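Each chain carries a letter (A, B and C) given by its place in the written order, and its residues are counted from 1.
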Amino acid sequence: MTPPPSAPSIPPTFSVVAETEAGHSPWSDAWHRLGRNRLAVAGGCLLLVLAVACIVGPWFSAYSYEDQNLDLGAAPPGAQHWLGTDTLGRDLLVRILYGGRISLGVGLCATMVALSLGVTYGAIAGFFGGKTDMFLMRVVDIMYALPFTIFVILLMVFFGRNIVLLFLAIGAVEWLTMARIVRGQVMALKKMEFIEAAQVLGFGRRRIIFRHMIPNVLGPIIVYATLTIPAVMLLEAFLSFLGLGVQPPMSSWGTLIKDGAEKMEEFPWLILYPGAIFSLTLFSLNFVGDGLRDALDVRAAKD
Amino acid sequence: MFRFLVRRLLQTVPVLFVILTATFFMVRFVPGGPFTAEKSVAPEIQRNLEAYYGLNQPLWRQYLDYLGRLAHGDLGPSFKYTNRTVNEIIADKLPVSLELGAEALVIALALGLTAGIVAALRRNTWIDYAASSLAMTGICVPTFVMGPLLVLLFAIQLGWLNASGWYAWPDRLLPALTLGFVYAAYIARLTRGGMLEVLHQDFIRTARAKGASEIRIVFHHALRGALLPVVSFLGPAIAGILTGSFVIETIFQIPGLGREFVNSAFNRDYTLVLGTVILYATLLIALNLAVDIVLVWLNPRLKFE
Amino acid sequence: MSRVSLPSASLLPAAVCCLGLLLGACGHRETGVERGIREQVLHRGLGSDVAELDPHLITGLAEINVVSALFEGLVAEDPRDLHPVPGVAERWDVSPDNRVYTFHLRPTARWSNNAQVTASDFVASFRRVLTRGLAADYATLLYVVANAEAYHKGRLTDFAQVGFAAPDERTLRITLTNPVPYFLSLLTHPAWFPVYPPALEGAGPPDRRGSRWTRPETIVGNGPFVLKEWRPNQVLIVSKSPTYWDAAAVRLQAIHFHPIDSVDTEERAFRAGQLHLTEALPVGKVDSYRRHEPTVLRIEPFLGTYFYRLNVTQPFLNDKKVRRALLLAIDRQVIVEKITRGGQQPATSFVPPAFAGYAPPGDARRDVAAARQLLAEAGYPGGQGLPAFDILFNTSENHRLIAEAVQEMWRRELGVKIRLVNMEQKTVLETRRALDYQILRSVWSADYLDPTSFLGVFASDSGNNHTGWADARYDALLQEAALTADPAARADLLRRAESMLLDEAPLIPIYYYTTVRLVHPSVQGWYPTPLDHHPYKHIWLEN
């Protein structure tokens, strides 16, 4: 067992105090700390490279996501097609890159939607407690229980097929657990001394929630956000089954993985490469997330 | 505590009522009906079918009829399985899903909590990286890839187990493992995060300074706070696990309820959709209530309010 | 069902290893297939779960595949080509005008409770099918019988006037409205199967839906097998019936039907030795079986056509030339060779070339030059002036790949732009009903062995038309054929009707279906049949 760190303990009112400190803000501190975390930097660079490749890459390719070569069919990786081709003879690399635009876009945006909605909602419920909490959480219970498939089909019936709906549908399910987690954390945090101190100091509720509470529950939020992104990317594949989401011949990582999984014995590269890129992205996101968490953790930082 | 429980149980009634009502009308507005088929049914037969099931009544009337039957615990006949009632289908299939879910849950908790705690305690060592990578594997490899891979290995290459089916106890191994692994990954990540959060707090430092043993610190002091996010996550997650998984049940051909959640919607089996939703909602509300109780138990500063 | 709770996850890998050692020590584990061969128990995969076993209410192929083991009609099917052979009726006479059939029931025909199968059982069954309250999907198949339609629609209340008569318990007389050349083969459809009235009455009103008489405890059948167990989504077990009149010829002791709805799961179950027969095979696996295990791969023609419907009420598609151009520009050969890969044949007509005595016109061939010219004549040279059309299909990998290929062909050959739209099945069907689509992926399969089973789809009064296309001349040709007794003349009329259909092109045929499945080499007496029916009494297992 490692010996306990010998650093002096931080007064519980630290984050209240920190704000009144002049000079560098906690955010620039955090940014600085993040820069020193090698894994996080590597993950961030990789993500950036991937994103740029997805946006720019297809321009430099001789193929498009829809160019078929039925005579070629599914071909293993080679000089012509670096990552091979799918059953219609379409270049897998280009399809992965195009798919990345959709998946990264949807994954990040929808997670942001879920994140902001869930965090705000959960923080309000947890902070105010009592009747407000009861009401808000019962609404969450109701949202959880409504049949998702039916909900999505209805969305399309009433609003047509629209990319905004995609975010709405994904956001509608993914923020719920986030809200419950944040609520649980905030409820616990509310009873901590430094929050009570802030209340005694007469800070406004909004300020307490957004300046004092949310930064202190960022850890679980970031962890859950990195778990939400893959869920969102795979959910997108289900939504495109229902007709929402990407429409063929366009691809997304979710649909590529889903199709590839069915052919993993015959054409292993069809699952291997999309799966590898997917995993690479998630690992990177995870490192960045962990790094971010550490960087924002004011208590750990002073250890 | 008692007043809290009574109040929450009383709230359950309107919540279930809202879910029920919303679902009832939502399924009716979805295009297509239970008798929509590739080969169209002759119009007069369609009319006879609708008359038989009371679908020719005004919608409000059907809604009241449904509520009336529901008050007697009758979830109605299934449209797709013409000689089975929804009560019967749920009674048939729920035990299977509960069993599989319970087994998966045990795996998920044992694997997830262990990996999460160990990773946090041995932060940034190879143990942490190994545990975290295992967890990330569970997240990166979707069940519809993991399941077939396990089948190919254990059933087809090694020939030890059946590829699918639900007859003897060895048939439980692969599906429970596949399902449990995903949740284990989530639990491991959340536990690790929660632990790291708590391990830096003052009371842990104090405990350490006082020379408390590491085991005592973890189980007596840290875990309580660290488990908050895990517990919040588990409420809805357990409700999902216990009511079955569409993907797992399809891959392993398991006669559980999970497939009915999805298929009833695709079949427009109105009564079965409602039945499964009511079941899930009840379970979910019960579990979220349990979560709220556990949250208070984990954090003695909180009170039931 | 034995219940176990695992003590701890850490024990799991250990348990797996122990199990492996245990089994390894015992040597080779006997698979379900091997045991089945020893005990004459057939393990068959069913594509989807069986929703109902009442022969009068079933609609799907999975149900037919089970019900045909439990019940038998007046005539049965020959295992090789499905031509009608004696079933409950040991022989029959046909009147000179081909309108009255007199069936002589065999005295040895028995229900599974040993009661005699009588002519009045049949009449009661037919009456049940035609009862409005039962709302049997296939009641319309009985419309060929005199007054049956009027009775079913309520215009006639006296069932005695419908053309069914049982002069005595072993004689059944059926009078038709018009001569129907395929009448005997029609009788093999489950809607014509007898049910045992006392069994129905024991379980509630016999002509109400939702009766539970088909449960193992209460069901009474007259087929070569009886229902033993019915566990939804898991297994359905039938065992040999001792009371069946031809029981001596039945070699299988039992059949286990496994309703596996995922083709990938089914294929893995086959490889793990759990199934003798699969219902299908994933498209991606066809090639590897062809190469490595050709003996278990069976590809058999099936009476079904994959086609696109064109909605002729939509602008631009209401122009016959545009429709014809689209029809001519498709390379069907490439689609069956490169995409479907399961031995399907390019569809040059709507009716598959599998009906005895009928040769389809085969006009739907690829002719890109003619297609371009037609499009230009219509005023859209090179696709200019045409909007992008939607191809609508229910979500499935196969449909998607074909639509993607067709999209590319039309873009390349005609300059016609296409958008692909996928939805889940029932939304697609509702869109179809509302005629709210432009181009729709469709399928049709035969209910009985006659070209009219296909051509009737596009009659103007057909409930399955769904294209907005109607032509009185087409209806007249079909009507004339229905009244024509001479087979050659009738076939000629039908061919003219189909030529007209292909010329008007409210549909674009793409390919003729095959059934592609895995059959364990031990399965004997399994023949390719166009309706994919395989009478179980002729099947046995032998290495």
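Just so we're on the same page, contacts are C-beta pairs under 8 Å (C-beta built on N, C-alpha and C of every residue); 3 or more make two chains touch, one makes a residue touch a chain.
The model shown is predicted, which means the values in this text are computed figures rather than measured ones.
Looking at B-C and A-C side by side, the one with more C-beta contacts is B-C.
Among the chains present, the centre nearest to the common Cα mean is that of B.
One inter-chain figure worth recording: chain A and chain B are separated by 22 Å, centre to centre, where each centre is the mean of the chain's CA atoms.
The geometric centre of chain B is 37 Å away from that of chain C, both derived from CA atoms. Here the CA centre of chain A is 46 Å from the CA centre of chain C.
Within chain A, residues 153, 157, 265 each touch two or more of the remaining chains. Listed for chain B are residues 30-31, 148, 152, 266, each touching two or more other chains. Chain contacts: chain C has residues 264, 424, 427 touching two or more partner chains. Interface of chain B with chain A (complex): residues 11, 14-15, 18-19, 22-23, 26-27, 29-31, 121, 132, 136, 139-142, 144-145, 148-149, 152, 186, 189-190, 192-194, 196-197, 200-202, 205-206, 208-209, 214, 225, 228-229, 231-233, 235-237, 239, 261-262, 265-266, 273, 276-277, 280-281, 284-285, 288, 291, 295, 299, 301-302, 305.
For chain B in complex with chain C, the touching residues are 30-33, 36-45, 48-49, 51-52, 77, 80-84, 89, 92-93, 96, 99, 102-103, 106-107, 110-111, 148, 151-152, 154-156, 158-170, 172-173, 176-177, 180, 184, 250-256, 259, 266-268.
Put simply, chain A touches chain B in their complex at residues 1, 4-5, 9-10, 12, 129-130, 133-134, 137-138, 141-142, 144-147, 149-151, 153-154, 157, 176-177, 180-181, 183-185, 187-188, 191, 219-220, 222-224, 226-227, 230, 234, 257-258, 261, 264-265, 271, 275, 278-279, 282-283, 286, 293, 297, 299-300, 303. Put simply, chain C touches chain B in their complex at residues 1-6, 8-10, 12, 15-16, 19-20, 23, 29, 51-52, 54, 57, 59, 132-137, 139-140, 152-153, 208-212, 214-215, 231-235, 258, 260-262, 264-265, 268-269, 271-274, 424-427, 429-431, 433, 443, 463-464, 466. Remark: chain C residues 264, 282, 284-285, 287-288, 334, 338-339, 395, 397, 400-401, 403-405, 407-408, 419-424, 427 touch chain A in the complex.
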